[in-house]
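For reference, the structure discussed in these notes is given below.
Residue numbering begins at 1 within each chain, and the chains themselves are lettered A, B, C and D in the order written.
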Amino acid sequence: MSEEVICFESEVRVRFNETDPLGIVWHGNYISYFEDGREAFGRHHGISYLDQKKYGFATPIVKSECEHKLPLKYGEVAKIRTTFVDSSAAKMIFKYEILNAENNVVCTGKTVQVFVDKLGQGELWLTIPKFFEDWKRKVGLLK
Amino acid sequence: MSEEVICFESEVRVRFNETDPLGIVWHGNYISYFEDGREAFGRHHGISYLDQKKYGFATPIVKSECEHKLPLKYGEVAKIRTTFVDSSAAKMIFKYEILNAENNVVCTGKTVQVFVDKLGQGELWLTIPKFFEDWKRKVGLLK
Amino acid sequence: MSEEVICFESEVRVRFNETDPLGIVWHGNYISYFEDGREAFGRHHGISYLDQKKYGFATPIVKSECEHKLPLKYGEVAKIRTTFVDSSAAKMIFKYEILNAENNVVCTGKTVQVFVDKLGQGELWLTIPKFFEDWKRKVGLLK
Amino acid sequence: MSEEVICFESEVRVRFNETDPLGIVWHGNYISYFEDGREAFGRHHGISYLDQKKYGFATPIVKSECEHKLPLKYGEVAKIRTTFVDSSAAKMIFKYEILNAENNVVCTGKTVQVFVDKLGQGELWLTIPKFFEDWKRKVGLLK
């Protein structure tokens, strides 16, 4: 585990159709906000879905968790703080914090992704693919 | 235009996350109900997305229209009446009526699809593909 | 009909979960992009959902139309050009153009909204509410 | 904790717009399938969203977890097995198993809900509301 913490902050504006009859964002839509955060992180740090695809990999989510602390309403603009969780496993792990305009934590979460080879037979990789090792080296997580 | 009218009725239960802060189904979700109706029609009459795919075709929507008469609320189960609109053009046209439990028309709509060859270069077909002509014959729209 | 054309341009980034097995934005999601455009227009020109709510009105969509010209793929950032269509009826009418990065028209559309009194019995207004007349005057559509 | 296990099985048909460019159900949509399962359980056992509402309560989700084992594709009809997890806390806890047509587990999950008083000030209840205690008695979880 590296000392280095790599994170990225992006913004999301709540859509009207993401809110429910209680007037708040429907809980399942936070999974979409996590993906927004992860992809904003990925575009910034060069490890987005499209980057992975260039190397012949897809990284399906195998686990996601979400804890809700406060509601978000229509009209709010939230901040998504996405943090890469380093691990020696052949996995991509991210943690998320969603904050409202008053900087209060609305929701926290975590996702785990695995590496699937799209050029080959679609098999699951049990070791870290070279492109991901190279990426870790580039961002300072590996010497 | 044939005298024959081919239609199919299916049901849809309103999901909580399809309703908005006004407590009613968000207008854009009716496009999803139309697709439910079209695919229920397609499974029954042998012309669904997966049937088309077997013949190497996709049929992207090029036009959709929707008129809203009444709201649907969470907990309601609606009926989707999907009608095939016969035409000599290389198009698939459907009309939709969505009815509530009291049999009142909630919403009407129409979609137009074209034929795109997925086995070839993905080009648009300007004439009716053979599988669709065969289908029309099978259901009695062509002699 | 006024000579004045009031419009607003906003941007939308295609989400991964808005694209379908054909790799393109599912057609129904454009209704959500129209709403994004309409609300960006509304925030800029002071006639958004939350502005209307302050005056005690909701403006449900009674009609929407959408024509698709080109696909959008994951990773694309599109421009939404929303134009207010002036009319003497007690309606809010908007037209939309969605353009890709090469400035090609991906999709066009139109929505019609009516005025419903949320403070009273929820009835439909057949004449233009005062707040909307005031707004038209403010933006130069009424003298 | 009671010996009694209360569960319910319902079905869900995968929608085209729930699948992604990899051709499989986008992971976030399983949260919607969990809600389908929970509400089907609720309608059967008399503890649905609308039942709770009658007693003046809403039960927002404060935590959700989802583990993905296998993909679901367009055209598949899955089974949702929803199990009530009894607890002495002022919470509603459900576990979910989603199974494909071959009865293989596609996904498992869990949600935790709390009780919020909609008739009063919207406060969180730290003790079990009477309607929920009554429900537990009715279904045999309390003597």
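Note that a residue touches a chain if its C-beta (ideal position, glycine included) is under 8 Å from a C-beta of that chain, and two chains touch if they have at least 3 such contacts.
These figures come from a predicted structure and were not determined experimentally.
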item	value
Chain whose mean Cα position lies farthest from chain B	A
Interface with more contacting C-beta pairs, comparing A-B to A-D	A-D
Equivalent interface positions on chain C and chain D, same or different at half	same
Interchain centroid distance [CA atoms averaged], chain A/chain C, Å	31
Computed distance of Cα centres, chain B from chain A, in Å	35
Rounded Å distance between chain A and chain D, as computed from the means of their C-alpha atoms	25
Multi-chain contact sites of chain A, meaning residues that touch two or more partners	16-17, 22, 28-29, 32, 35, 74
Residues of chain C touching chain D in the complex	16-17, 19-23, 26, 28-29, 74
Chain B to chain C touching residues, read off their complex	22, 24, 27-29, 31-32, 35, 58, 60-68, 71
Contacting residues of chain D [partner chain B, same complex]	15-17, 32, 35-36, 39, 49-50, 74-75
